[in-house]
Each structure stands twice: as structure tokens, then as C-alpha cells.
Amino acid sequence: MSAPGNRQRLRDIDNTGFGSNSSVEGGRLINPDGSTNLSKQGIPIWERISVYHSLLRMNRSYFFLVIFLFYSSVNIFFAVLYFMTGVEHLVGGDGAKNYFEKFTEAFFFSSQTLTTVGYGRVAPSGLITNTIASIESLVGIIIFAVMTGLIYGRFSRPRAYLLFSPNILIAPYQNGKALMFRTATYKNNHLTDVEAQVTLATHIKEHGKTVTKFYQLKLELTKINSMALSWTIVHKIDEESPLYNCTKKEIDDAKMEIIVIVKAFDDHFSNIVQQRTSYTHHQIIYGARFLPMFERAHDGSRTILELDKINAHERVEFPVSVA
Amino acid sequence: MSAPGNRQRLRDIDNTGFGSNSSVEGGRLINPDGSTNLSKQGIPIWERISVYHSLLRMNRSYFFLVIFLFYSSVNIFFAVLYFMTGVEHLVGGDGAKNYFEKFTEAFFFSSQTLTTVGYGRVAPSGLITNTIASIESLVGIIIFAVMTGLIYGRFSRPRAYLLFSPNILIAPYQNGKALMFRTATYKNNHLTDVEAQVTLATHIKEHGKTVTKFYQLKLELTKINSMALSWTIVHKIDEESPLYNCTKKEIDDAKMEIIVIVKAFDDHFSNIVQQRTSYTHHQIIYGARFLPMFERAHDGSRTILELDKINAHERVEFPVSVA
Amino acid sequence: MSAPGNRQRLRDIDNTGFGSNSSVEGGRLINPDGSTNLSKQGIPIWERISVYHSLLRMNRSYFFLVIFLFYSSVNIFFAVLYFMTGVEHLVGGDGAKNYFEKFTEAFFFSSQTLTTVGYGRVAPSGLITNTIASIESLVGIIIFAVMTGLIYGRFSRPRAYLLFSPNILIAPYQNGKALMFRTATYKNNHLTDVEAQVTLATHIKEHGKTVTKFYQLKLELTKINSMALSWTIVHKIDEESPLYNCTKKEIDDAKMEIIVIVKAFDDHFSNIVQQRTSYTHHQIIYGARFLPMFERAHDGSRTILELDKINAHERVEFPVSVA
Amino acid sequence: MSAPGNRQRLRDIDNTGFGSNSSVEGGRLINPDGSTNLSKQGIPIWERISVYHSLLRMNRSYFFLVIFLFYSSVNIFFAVLYFMTGVEHLVGGDGAKNYFEKFTEAFFFSSQTLTTVGYGRVAPSGLITNTIASIESLVGIIIFAVMTGLIYGRFSRPRAYLLFSPNILIAPYQNGKALMFRTATYKNNHLTDVEAQVTLATHIKEHGKTVTKFYQLKLELTKINSMALSWTIVHKIDEESPLYNCTKKEIDDAKMEIIVIVKAFDDHFSNIVQQRTSYTHHQIIYGARFLPMFERAHDGSRTILELDKINAHERVEFPVSVA
């Protein structure tokens, strides 16, 4: 009985949200960060992109750079307005003589207005300059409100902070084999009611064209009460498994991809958090088992979880009888 | 066996929240944006309207216009107070001579106080003017706090960002017919555990008066794991369907309305999001099928979802045997 | 068969969170606003009260009054500090001559610092006054941050905005009787998946002392899909009801209280909202039925819900056979 | 039949998130505040710690101290910059003569800029000083936005505010014994749908080494509708209990630990809240029962919950027959 035969015997699932013809040559369905390997077209980018979502997912350094650049742009925009309507309406300045000094004065006055610091050594006079300054200070306040919202949104965004082992192992398990990977929280957050769901995607030839089939992989434990230590998620490769009798070559040929969703209740945010990841066939190690990643403290008072050992494993030979 | 006969045989549902006598001539129950086609009366409008809800649902341009107008009104209100209590208490001004210049001075001082920019070239003196300025700066801070809350509320409001096909098709399906419509997320958000619920409302004559009956439409898939690509929601029109043997004319005569609720878990907000819509009988196309809306990228590395093809369909003739 | 007899035959429930000896003479278990009629003692009030919770539940006018008074207090506190350390360190003032003028100057400078408006006509000089001003402006910013949080918290607090009929009726229903009350949302919010739970509390004599017993009242519909119009919640008084054959006098003697919890999903907040209320026996009307509270608009295009008719009812005579 | 024998007969559970070899000599699994008695290593501390989480869980006094120190540091940092680039560019100062006076001037100017109070008596001039001041005021605004976010995050963090009895009692119950502890909310919050889950951890010798086994303790009530008064959580020690026939000495020898998770819906936050705690064998009192902790008010109008009596209990002798 061949492995594909076993997979044909098992029912594939059609509720993954991916179609059977979404298979891609050389590509993957889910990226390691959990996003779908997909692009959207057909409507303008400003309708397709949620600026808020993008700014929240952005790397912290980029985020502050974006804020800085945006602030500077608005600053310069108003500086140009003051410059054009006449720097002489900014009373109390240093008596700027050339264009550069005048623009500099306009720029710093603009900055003092936008941040509402308003020293007042340089202050607006006249209807137009006063009006521009009025609007700028309101714009400053609105930008500030937006920024506060963005920063709080970044802070409070519920995240699982899960570390996954970079590899997925096919390891000996109960007189047979099992697919195993490991996850742990790497921050000082606490997850309870942790649930995992693992889906196998295979790309197989059917009637001459490549179609993608999905299988739910049955787990030894689908839910744990608390992510206290690490959790080794185990799929036993028995007769009910689509991976039964499957060789490393078959895994590679079918460009298998293992899609993982972990959902949990975060104790701190009091919210459901979710993290996805995906393993391609390149990340599957055939014949290896995980080494422990926690130990007792020297004084015995607590347990130490060693996060750098999340992928620690050793090679094993499979007994011939189960291969 | 007539279609109404089939519908009478099936059990209608009474837990929709709509009464059986809420049917309206020419109207609909649910608007395309998901709100109920309903108005409330009997209590004053300020008790009936949640200002916060309204400001959050408002179009972005209107929202900023409302902020601008509100700010200006408060600004003018305080300007009038300074003007009435005497502009001479605003020391350091330009020596305004006429009423217009005096009011202008009061206005800009008010603006500088409200935004807390406070240049100080013009500053309050005297008990009354100082007191007004004190209160105005506190009011400014409170307005700012309110604005920050509103802006964050708008940002963080969980939304599904679902695009629905403008039409609902009656298409050939498995030797028979099925009702089909299509949905996809149009932003860079990711929905998981997506559930759909579809209800049919028909207005029929019973004992001489028109009553509204509701039927739950059974779906081929009520839940998908992930809204990765588009989702075609399919209700098979078989003997258990209230639409069985129903002609286009019967659909129009009964002023059928199809109410759709999609619920999902949004990965970013880590929250349940919900979107509703409704199709009236005018939007039902009898005899058409959807065309694919995604394809592989040229380099094969990812899938491209073409959102402008959400409603792409072609006309089909139904085989006589099933009509 | 007496009514108490029927109630003894039925199983009472013990998971209400109230003990059987919590019955109170003349009091009620749940207040009309849904809070428990309970006070806590034994720990200091500042540990017992969540200031944040209290400020969020407070009436809007009181809330802004609290803010104003708190601001003024802080303002005065710092004004006293400036006054005590010498108003002469506030340069640029009006040359205040007496204590009142000096304190006034200190007060307004304090206000300008706390709100960060900082005109600068009056500015601090010297180490001590500058230090106080530094601290005050930081305090001002922190107060502002707190206020922003409070205001947003008040805005975004998910609430059901349910209106309940002030009375609960015992009305004719399906050849018998039923307990009925009515609820509707009075704001422009939209609730879906609305669930109700109704509990009856009776105080009865057992072995010489009064004990409280609780019964779950079975509802005709416990859940509706959408709170589109009003919802009449119906408990049929049949042989399975603890109210079967119960006279108005028995209801009054047992000081019956009907506790209502409604839970729903709010479409706007994308959150579960909950509202509780309670009816005492004084609010039960024996022999009345609700009148409709919605009608079609004149142009037939929409339904109008008349919120002032939430309690509209008419008296009815019960047929002798079922009394 | 020995107690360990009974425990061996019962199925232990393996989905607690703790391994069977996580037992520690002298330590505990869960700390009284609900955190796991665990440390993480192997990745740098800044990746391991969520600053936001830490600042939110921090004691209020420490939190404001952290804000104050951070503010001061930034203030000093910019003061040093102004000092180094020349205090003479801060025009309008007191004409500082020595280094101390110069630094003081720079410091207070920095403070006025950071808080955006900007009196302007001292104001920047020149390109470099103006640029530094521009940046400082932007930094001030960003810090303020961060602070607002943190403060709101602290406010709005859903918490259960549960008080647990410091001791867990083995008390007489229904002709036998039961394990009992008591919980109540100590703030003006209201919890509904309160669920408890109690797990027993025992450390026993197996094949020469100590392993940890976990048992789910069956509760008389696992869920109550409302946390109105206090809740006594009861585990009946019958034949199905891992504690059946277990003596105080056996409890101590097995270093038993009782882990408690309470989950509820908080009415105010409209959110699920969760609180954990753990009792070590030192906290178990063998042979005691709780005394009531609520009484009627003198006027009979309400119930009074006495929170200082949460642990009030009296010693009892067990009847010989059930010991």
C-alpha cells in the first residue's frame, strides 16, 4: 500500500479557505510569520490597505521613523506657508536677513506651533499668519491624538509571543513514528486554554494537473490548560494519518506544507490571542527527537525554561520494523 | 407541487428579531450596509442617539469637519467672551483700533489658549480675563482628550472589511441548482473561523393579509478555517430548500430578501468581527455562474486575488430537467 | 393543589450566587439598574472601591464636575506653593501689591503651567519656583493622560442600551397564561445573538424561618438572532412553571422578585454586552397584555419603533377556566 | 486500601502544561499571585520581557516613580545638550554667571520644552539650539502619548479583583468530608457566569524518582450565575476523589499543591476575566469549617458582605466513622 494510496483513502478537507487550485510552484501557502502568501489586486491600494493595521504591525524603528518623517513634513509644509506669506509677520525674531535665515525662522516657529510649545519669542501677527498658526496648532493637536491612538494600539495589540521550533521532526513515538514540533511563550505573558490545529497541505497530480489537498492532522493533545513550560505538539503517524508510510522523498515531491494555528487565552490582555506559522518540507527532519528544554534551578525552588533550546534535537535511527 | 407549498411544508423560524407583520411594501428589512431599515421614535433624539457611535461610524471627511467646526465654535465662543469683557485686558497685542481688529485679536488669543500653544505675546491680565483663559485652556485639554478617545475609537473599531458580490446567483450545482454569492476581505486583515448564516425573508399572503416568513438557508459549508482567498457561499436548492421549484416570478412576487451575517475572528484585533448585508430580489440573477477571481503570479511564487472580479459571472442555461 | 405545592415539586436552583438565607425583609436582591443590593465591609474603602470603575459609571455631569474640582484643587495647591515661596520669583507680573493680588497672580500662573498653555508673560525665575513649575507641568501632563484614559474608557465602555418595560404582565397566552415583559434597544446600536435568562426569587417560610428559593423560568424563546425591533420575552405559566396556579396574593406574600439578564453581541463594539434588571412583585400586573409598539412608516418604506410605547398595555379579564 | 492506591486507580491528567518531571523540592508550581514559579533563559532579557506588560502589572507607586525618573532623565539629557551647545543661545535668561546657574537654566528650559509649557521668557535662538528644542518638544509629545497609552492600559486592564480565603479547609460535608475554600470580589465590580477549575498536584515516588501527577478535582458546583455574595467552592472527598482516605501526613509528604483558576464575565469591562491562585499543603487546615461572612443590614434593606471574614473558620472534630 503506497502512501498516496493512504492519503486517497482519507478524506481531505475543503474548509481551509484555500482552493484546491491555489497550489503554487515553488511558493508556499502561509509565510513563516503567519500571513498568507497572497497579494490582492483590482482595487486601488488606498482601499486595499488599512493604514492603521500597517502602522501597528510595522517594526518599532520604522514606526518612529514614519512618525518623525510625517511630523517633519507637516512642519515644513507650514514653514513654507509662513515663508510665502511673509516672515515679517513673525514678530520678535532675530531679524533674519537672507532667505535661509528667514526659512529657518519660519521652520522653527512652525515647529513651536505644531508641538504647541509656543515659546512666544517669535509670535504671529496679522490676520493671515495668525490664521495659519491657528490651523497649525489644531493640526498639531490632531496629529498628537492620532499618534496617541497609534501608540496605544501598538501597545495593547494582543499577541501570543510564541516561539516555534524552526524544525519539525519525524521522531520515534510509541513503537511508531510521530510528527513533532515545539512551542513556548518567550515573553512574560501567560497563556491558558491553549489550542493547536495542524493542517497538512500536499500538492499532488490528479488527472494530469497539480491540485492541492488538505488534511487535518490528529494531535495527541489538542488543548492544554496552561502554557507554563514548552509544549511539544505531537501528531502520531498511524494508519489514520495522511503521512503513514510516507518517505522523505514523497514528502519533498509533494512539496508538503504543515500549517499551524495556536489559539489561547492571554491572561494579561484577557483576550484570545492567535498565532500562525507554517513549515515547508525543507524544515522537516526525518529521524530526530527533541532534547529537554527545562531544568530545575540549582536551589530547587523553581523551574528554568531554556528558550535557546527550543530546537535542540538529536538524530535517531528508526527501527527497521516501523520504517 | 408548487413552491409556496414546499415553503409551507418547511418550518419557518421566529427568532430573527423581526416580527411576522414587519413586512413593508417597497421597503427592505436590512440595508446593504447591514443596518436595519428601521427608525425609532418616542424618546428625544439625544437619548436615542449615541454621539460616540455616530462619530465612529461617520465618514472620515465628515468626522474631521465635525472636529474642525466644533473647535471653531468653542474658539469663537471664548473670543466673544474676551471681546465682551474688554480686549484691553489682553496685553501685548497690536493695539487694535476698531471692532474687527479687536475681535480678531480676541479670536487668535482664544485659539492660542484653546490649543495650549500660548505664545504669550498676547497674554491675559486682570481677574476676569485670566479666569476665562484658565477655563478655556482646561476646556481645550478636555476637548483634546475627547478627540484622542474618538480617534482611537475609530482606529480600533473591529471591522471585517468584507466585500460581497453585488449579485446573488442561482447557478447550476451538482445536477441541480444552488444559490451562490461570493465574499472576500479587501484589506490587509486576516480572518479565521469564518462563519456565515443566511436567512430568507418572504412576504406572503395569508388569510388575506401579507405576513413575513423567515427560513434558515442550509449552506454547503457554514464555516471555513481561514478567509485566505474568496469564499463562495453556496445554498443548494434541493427538496429541503424553501426555494425548491421556485421561479424567478415567484421570487419577485414574494419580494424575497436574503439576509447574510458573516462572523469571524480577526487576527489583528484579536476580536470577533461581524458584517451583515442583504440582497433584495432585484439582485438575484437567475441562471449565471461565477468566474474564478484568483490566479497564480507569473513567477509562481504567490497567489493573486483579483478583487474587481468579485461579481464576475457568466450566463448559463439551466438543463430543462431540473428547471 | 396549592401553588407552593407546585413550587416544592419543582427543583430550585442553587447556582445564582445568592445564598438561601440572603432574603431580606422589605429589600430586593437586584436593583433596577442591575447592581446587587449589597454592601461590602471589612476592608478599607480605598481597597474596596475601584476609582476607575466609579468614574466610568458616574453620571456625565458629575464626571465633569469631578474633573473640574480635581483640576482646581491641584491648581490651588501649586498656587499656594508659589505664594509661600514668594510671588516675586514670578517675573513679568502686574506688580501685585496686596495678598489677594499676589495669590491671584500665583493662581493664574499655576493654571497656565498646569494646562501647559504657558503664555510666559508671567514666568518663573529662581531655583525653587522653577522646580515647582517643572513638577507642576509634569503633573499637568499626567493628569491630562489620566483624563484622556478616563474619557476614552467612558466612551468605549460596551453597553447594551436596553430599555425594559417598567411592568411585567401576566397575560393570556395560548389558552393559558404567561409572564411577559418587553425590551428594546433605545440607541443606534445593533445587537445580535440576544439571549435572555430569567430567574424567579421567592421568599418562603420553611421550618419557621424565611428562606429564599430560586427558580429558572423557562422561556418560549431564549435567543433571537437580532434585536431589530422590540422583543417580548415570554414565560408560559404551565405545569412546569413555579408560578402555576399562583394568585396575585401569593405573589405578593412571597415577595417574589424576577431577575432578568440579557446578553448580546454588540455589532459596534464587536463585544459581548450584558444588562440586568429586576422586577419586584409591585411591578407585576395581573391580567394585562401588551399593545403593539411598531408600525409602518406612511410611505411604507421602513418600520417605526415607538419607544414610548414599551409599556403600553391594556387590562384583560382572564377566562374563568384557566384562572 | 491506601490513599496512593486510590490515586493510582484514578486517571491523572496530562494537559496541565506542566511536565511530570517539573516537580521541585521545596518549591511550588504556581505562586499565590497566579504566576508560574518559573524563569526563562536563553534569549536576551529585552526580547524576553514585554516592557508594556511589566509597566502594567507594576505597583502604582513604582509606576509613577518610573515615569518621574524617565522624564527626569530625558530632561537632563537635553539639558546637557543645551549646556554643551552654549547657554548663550537661550536668550532672555537671568544672565547666568557660573556653571551651576548655566546648567540650571538649561535644565529648566529643557523642562519647559519637554512638557510643551514653553513660557518663552527663556527661548532658543540659533540653528543648533532651535533644532534641539524642536526635537525635544517632539520627544515630549511622544513620551506623553506613550504615557497616556500606559495609563489607559493600566486603567482598562480587565481584572477579577477576587479575594481568596488564605486557607483551604478539609471540613465535614454530607456525612463525609470536603475540601473547601472561599472567594469573593472585593471591589465594586460584578462578575457573572463564574467558573472554577481546581487541579491537585502531587509529587510522588515512582520507580525511584519523584514525579508530579495532576488530578482534576470534581466540584459540587463548577459554575454560578453571579458572584453576588461570596462563593464557597467545594470538592467532596468521596471515592472518586484523589484525596479519599488521605491523612494530613500524606498530604504533607506528597507536598500537595492545589491550583485554582476562576474565570468569569466582568460586567463592567464586558470581558472575560481570570484569576489564578495556588494553595500549598501548608495552607490546608484539616478539620475546620467556614463561618458565615454575610448578614442582613440592621434595617433589613440590604445584605452586608464582611470581607474581613473571608477566612473565618472554626475547628471541628471529624466523626470517627468517616476519618
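Note that the chains take the letters A, B, C and D in the order they are written out, and that residue 1 is the start of every chain.
The rule is short, and it goes like this: contacts are C-beta pairs under 8 Å (C-beta built on N, C-alpha and C of every residue); 3 or more make two chains touch, one makes a residue touch a chain.
These numbers were taken from a predicted model, which means no experiment stands behind them.
Trainee: How would the chain B/chain C interface be labelled, same or different, where same requires over half of its residue numbers to be shared?
Mentor: Interface between chain B and chain C is built from largely different residues.
Trainee: If you tally contacting C-beta pairs, which pair wins, B-D or A-D?
Mentor: Between the chain pairs B-D and A-D, A-D carries more contacts.
Trainee: Between 0 and 180 degrees, and as a multiple of 5, what angle does the rotation take that fits chain A onto chain B by Cα atoms?
Mentor: C-alpha superposition angle, chain A on chain B: 90 degrees.
Trainee: Give, as an integer number of Å, the spacing between the C-alpha centres of chain D and chain A.
Mentor: Chain centres of chain A and chain D, defined by C-alpha means, are spaced 28 Å apart.
Trainee: How big is the gap, in whole Å, between where the Cα atoms of chain B centre and where those of chain D centre?
Mentor: 39
Trainee: Can you list the residues of chain B that touch 2 or more other chains?
Mentor: Residues 112, 116-120, 144, 148, 152, 271 of chain B touch two or more partner chains.
Trainee: In their complex, what parts of chain C are in touch with chain B?
Mentor: 64, 67-68, 71, 75, 94, 104, 108, 111-112, 115-122, 144, 147-148, 151-152, 155-156, 161, 186-190, 192, 194, 221, 223-229, 231, 265, 267-268, 270-271, 294, 296-297, 299-309
Trainee: Per the contact definition, I'd like the list of chain D residues that touch chain B in the complex.
Mentor: Chain D reaches chain B through residues 116, 118-120, 148.
Trainee: Looking at the complex, which residues from chain C come into contact with chain D?
Mentor: Touching chain D from chain C are residues 14-19, 22, 24-27, 29, 34-43, 47-50, 52-54, 56-57, 91-92, 112-113, 116-120, 123-125, 127, 130, 133-134, 137-138, 140-142, 144-146, 148-150, 152-153, 157-159, 197, 199, 261, 269, 271-274, 276.
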